[in-house]
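Below you'll find a set of structures to go through.
The following pair of complexes shares a single chain, subunit A, combined with subunit B in the former and subunit C in the latter.
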Partner chain A sequence: MKAIYQRELRAYFKTPVGYIFLSAYIFFASLLFALINLQGQNTNMMGFFSNVGMVFVFVIPVLTMRLFSEERKSKTDQLLLTAPVRITDIVFGKFLAASTVLAIGILATMLFVPIMELYGTPLIAQTVIGYLGLFLMGLFFVALGMFMSSLTESQVIAAVSTLAIIFFLWVFGGLSFRFSEIITGTFGFLGKTLDWLMNFISIQNRLYDFNLGTLNIVPVFYFVSLAGLFIFLTIRVIERRRWK
Partner chain B sequence: MNKKFRYSLNSKAFIIGAIIVVLLLNAILITLNGKIALEIDFTEDQIFSLTEESLNIVDQIDKPTEILILTMGEDNETLSMVRNVLENYRQRNDKIDIREVDVIKNPAEVQAYMEEIAYLSVNSLIIRQGDRHETVNAKEFFTSGEYGQFSYVERLTSAKLASFVDGVNISRIVYTTGHGEAASSVMTGVLERDGYQTGQLDILTEEFPEDTKTVVVINAPQQDFATEEISKLDKYLVQGGNVQIYFDPRVPALPNLEKYLAEDWGIIRNNHVILDVNNMVENELFMVAQIGEHDITNPLTESQKRAGYGPANSLSVSPEKPATVIIDTLLSTQDSAYAKESLEKMMEQGELQKMAGDTEGPFDILVAATRETGNVDYDIFTGRLVVSGSSYIFNEMAQDTRFANEDIMLNSINWMNGGNASLTVRIKQLPTGSMIVSRGQFWMWFAILVVVVPLAILGAGLTIFLKRRYK
Partner chain C sequence: MVEIKNLTKKYGSHLAVDNISFTVKQGEILGFLGPNGAGKSTTMNILTGYLSATSGEVSVDGFNILDNPVEAKKKIGYLPEQPPLYMDMTVREYLDFVYDLKGVKEERDEHINKICETVQISHVADRLIANLSKGYKQRVGLAQAMIGNPEVLILDEPTVGLDPKQIIEIRSVIKQLGKEHTVILSSHILQEVNALCERVIIINKGKLVASDTPESLAKSISNVNKFQVRIAGEERKVLDVLEPIKGIKYLKSLGRKEANSIDFILEAEPDTDVRIPMFYALAEAGLPILSLELTELSLEDIFLEVTKGQGGKIFEEVDESEIDFVNQSAEETEESMEESVAEAEEGAEQ
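And then the complex of A and B:
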């Protein structure tokens, strides 16, 4: 797994992908920080965290689109699948490499804290919780993007489909709240189940707790379990291909 | 073929099983979260956790009680904050249920409260138990000012819940009139917001309330009381009534009222003006007081909040204090305080600093007293009295969020109403964390963070890409 991880991580920085991801993320995150915190003269990053999640919706597909699609298109997947490496190691290696680039981006924006320290008193504990929420959400998006990438040999299709799904999950929070009473009122038990499912997959609802500065086991488990589920699904897809 | 089919079937079952397990585990956790606390509150003032005072109230709710959050179909951070605070009530006591009601889509649900809803903001609460209900207006949930933003969500919800607890009657507060008393809209605003009823009482023409739970407040009287009024006041206290008297240090002497306090209660008002420039807050004439030990002030010392006072008269205990009276100091000045002979003398000197001839502190400025009296049937009544040497404490400073004076006022009223001072839940400071960034500094960081760093990363990527391409 270590070899796969190193190979993937190196690939991010030998091609423009890693740089595009980092510069785009840092650009938008810095813009939000400057406008919300520096201009707003406050060290509470709740507003920043509420908005920066949306940046992930657009930049994470760039990070994950090539994970398996590129291998498949350039036929290097044949080598990988026949190599004496476990599929779990391949998938985890790739997932950890993408997660490392994500972590580098998040760590870079954590430099906002010492900047705030220069001019005021940052709310350290609350800010750390906000970043943790952002990272966990990022892990889920990376796993989802990796799964989409395993389904197609086109990087563009992988990126667009990942973006579409994440965007759908992102806006679903508002929709689930808006239609909650109509659905439950019209469809009875089925409606209640549907309402629960809509609420369940709403990313923004899960992120609220972190943004407010509380560490709740429910959203932590939500992001970790969904990341785990998509890693598992990716393993199944690759395994099926190897078996074929 | 058979092997392939079996593999495919196993694989599909495995995938479906994994999805079901993930959904099921999340469902279990979401359900558990509504019943037990599964979160740690990392906010500075623990705004999403209940205080001991709230827990005490919540534990006493023994009938099914429903808290409705009135929404308009929009989810937002305010609603999320309110929801997060209220979840604690449900988690603590399963008799309490929380529900969100969209008043636009589901008006029938709140039809009975339509008249009140017209005056309520989005995210307001209706707390109902059986046929009774109370409302909490979301307009009062958060305040912001020069000294930060504050959340009243827990305080107001707990205050209204307390009214559903058997044996807890929320006091009525009446202000005396006819002696040039100050009309403190700040004080009445605070009381009414927390669910207290307020009113007025002209002692000369009206009788004292028969219900001795009523708290009578004499707020900064400018003229003295007549002997007949003093008799009425005493009669009320003898029957176990509750009275609060706040002296205005600018008013020289109120002989009848002061004589009554000295002789019947052993409390002497010293007509000098206390100052303490070393303990002034932000160069205003508001000073930091020392908090004494009493049921009224103990919740404050636990939450480490400070109390303040403005220019004040000191209060002392008469050597001839009746044996049936017990006097406790609620607030006193710091040791560095001193007293000017009078306000006029101070104005003449034009000097706030300590000067030769000034009396040295510390001084008592807020006291609570109880007096037991009996009747011919051997019934014992306890009259309760709170005397303040500075009307500033509960007027100008009542809602100054730098101090806990508002809490002291509400605690003292609750103490008078059965001695349960812990009914008052302190307000909580929202994590605003201010910083001062000049325009120049803003543009400097904007240029570095938004332009230079992303371009540098992009440039590095481009260089590596081009180098590899033309190698």
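And then the complex of A and C:
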């Protein structure tokens, strides 16, 4: 697992992928921070967190698209799968490498806290928990993207399908988050059911729990278990392929 | 060392490997021969645990590849048809990665350096794999398979796409490796298997059609009886001279390929060498032979012959003379190849 983790991590920074991901993420996160917190003269980062998720929708696919697609296309998967390592180790190695790059990005944007320190009194604990929520949500997206990458040889298809799914999850839940009253008011019982469903699926609701500064077991479990589910599915897909 | 029992692989409804069984003894070099699409790569992919068989069993040194994959894979070094190289790494980085991946216990630098020397890639160790030529990529692939000193080496068409000089070099490396390792090597070139292997297995359309030593496949190489000959002179005159010669079974004009000469295709009765009587007869008639070439019969042709109509005739039933052509011509090709390489090297030295 260690060998795969190291190779994968190095590959992120030997190819443009790691730099594209980090620069895009840090640029847009900084933009949001500048608009919401600096220009808004606000030390509460709730607004930042609920918007920066949208940046994730677009940058995570870049991070995950090559994980398995490229191996299959260049046939290097033959090396990994015939080496004396377990498939679980291969999948975890890759997942952890992508998560490390994600963590680097998030740590870099944590510099916003000392910046705010210069002008006011940021809510340290709440902000740190917010970042933790962001990271856990990122882990789920990474696992999802890795899963999509294991399904196809094409990096483009992997990226686009990951983007589409994350976007759907984000917007679908987001509708309920913002327009709950309108939906239930307009469509009656059906609307209520829909609203419940949207709330249930909603990523934004889970993230919101963190943004409030509360560390609940439910949203932590939500993200971690979803990440685990997609890691498991990736292992299954790769195992299954041998039997085709 | 390697044991394969009733191996069958289906891709949907397509039967890629059909009930193949064989064993490979320790220290043996086994050639795996078959035309393209015969199921060689599929079998090798199953042997190495990359694919799983639909039914049947594979065990390496007693470890079943399905029940005990990690132990079985430790014994195997695999060079797939397309070497599994990461283009964004240098040769050394890549071999270091493979070393870590396989969890090799031997001393790192010594082990990797030794392999680099064996396959002669030490001087490109710091170059990016993406920038290497096809021949060097193939060598790096071979080096990768050798890391960890696995007892069994499985090499899928190791010389495909290489130039003649590289082919000879890679072959000598494989021959060296065969002294310490069990080697299974696939090829669709009869000559290659002939030169390297102690035992040959031939498969076609997923079925095992023969298992024998190359020697018995190459029985009576001197029995030459089909060639193409170019003779200066008029077609009618030549035919008049050749037709009375005893032992010529088949004679056909191919028309003019060079000014003032005619090409003929000529087949003799088995166990008859008509070249000498032909030479004297033509010389007497004042019709010089400009060239005389053995007709090459490809392995695919043999298989067409073997499987014609019956789909499963065994290899031994093929007209033996046809196999001999291949061997004969293959040997000649290799000889001439080695000569030309030697010449090229001399030229380079001067």
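Just so we're on the same page, the second predicted complex is superposed on the first by the 216 of 244 C-alpha atoms of A that agree within 3 Å, B and C clash if a C-alpha of one lies under 4 Å from a C-alpha of the other, contacts with A are read in each partner's own complex, and residues count from 1 in each chain.
In the analysis below, a residue touches a chain if its C-beta (ideal position, glycine included) is under 8 Å from a C-beta of that chain, and two chains touch if they have at least 3 such contacts.
No experiment lies behind these values; they were computed from the predicted model shown.
Novice: Should the superposition on subunit A be reported as showing a clash between subunit B and subunit C, or a fit?
Specialist: Once subunit A is superposed (C-alpha atoms), there is room for both subunit B and subunit C without a clash.
Novice: Is A:Lys14 touching the first partner subunit B, the second partner subunit C, both, or neither of them?
Specialist: In the superposition, A:Lys14 contacts both subunit B and subunit C.
Novice: Please work out whether A:Val62 is in contact with subunit B alone, subunit C alone, both, or neither, and reply first, second, both or neither.
Specialist: Neither subunit B nor subunit C is touched by A:Val62.
Novice: After lining up the shared chain so the two structures overlap, which partner does A:Ile235 touch, if you call subunit B first and subunit C second: first, second, both or neither?
Specialist: A:Ile235: touches no partner chain.
Novice: For subunit A, which side has the bigger count of touched residues, subunit B or subunit C?
Specialist: B
Novice: May I ask you to decide whether A:Trp196 touches subunit B, subunit C, both, or neither, giving the answer as first, second, both or neither?
Specialist: After superposing on A, A:Trp196 lies in contact with subunit B but is clear of subunit C.
Novice: Does subunit B (first) or subunit C (second) touch A:Ala98, or do both, or does neither?
Specialist: neither
Novice: Which partner chains sit in contact with A:Leu38 here, subunit B, subunit C, both or neither? Use first/second/both/neither.
Specialist: first
Novice: Which of the two partners, first being subunit B and second being subunit C, lies in contact with A:Trp243: first, second, both, or neither?
Specialist: Both subunit B and subunit C are touched by A:Trp243.
Novice: Given the superposition on chain A, what is the angle at the CA centre of subunit A with arms to the CA centres of subunit B and subunit C, as a multiple of 10 degrees?
Specialist: Nearest-10 rounding gives 170 degrees.
Novice: Report for A:Arg86: first if it touches subunit B alone, second if subunit C alone, otherwise both or neither.
Specialist: After superposing on A, A:Arg86 lies in contact with subunit C but is clear of subunit B.
Novice: When the two complexes are placed on top of each other via chain A, what is the minimal CA separation of subunit B and subunit C in Å?
Specialist: Subunit B and subunit C, overlaid via chain A, are at closest 5 Å apart by C-alpha.
Novice: So which positions on subunit A get touched by both subunit B and subunit C?
Specialist: 14-15, 243
Novice: Under the touch definition given earlier, write down the residues of subunit A that touch subunit B in their complex.
Specialist: Answer in residue numbers: 13-16, 18-20, 22-24, 26-27, 30-31, 33-34, 37-39, 41-44, 46, 50, 108, 115-116, 119-123, 125-126, 128-129, 173-174, 177-178, 180-182, 185, 196, 200, 204-205, 208-209, 211-218, 221-222, 225-226, 228-229, 232-233, 236, 239-240, 243.
Novice: Going by the contact rule at the top, pick out the subunit C residues touching subunit A in the complex.
Specialist: Per the touch definition, subunit C meets subunit A at residues 11, 45, 48-52, 54, 69-71, 73-74, 76, 78, 80, 82, 84-89, 97-98, 100-103, 144.
Novice: Show me the residue ranges of subunit A that touch subunit C in the complex, using the header's touch definition.
Specialist: 2-4, 6-7, 11, 14-15, 74-86, 242-244
Novice: Which residues of subunit B touch subunit A in their complex?
Specialist: Counting only subunit B, the residues touching subunit A are 7, 11, 14-15, 18-19, 22-23, 25-27, 29-30, 33, 38-44, 48, 73-75, 77, 80-81, 84, 102, 105-106, 431-437, 441-442, 445-446, 449-450, 453-455, 457-458, 460-462, 464-465, 468.
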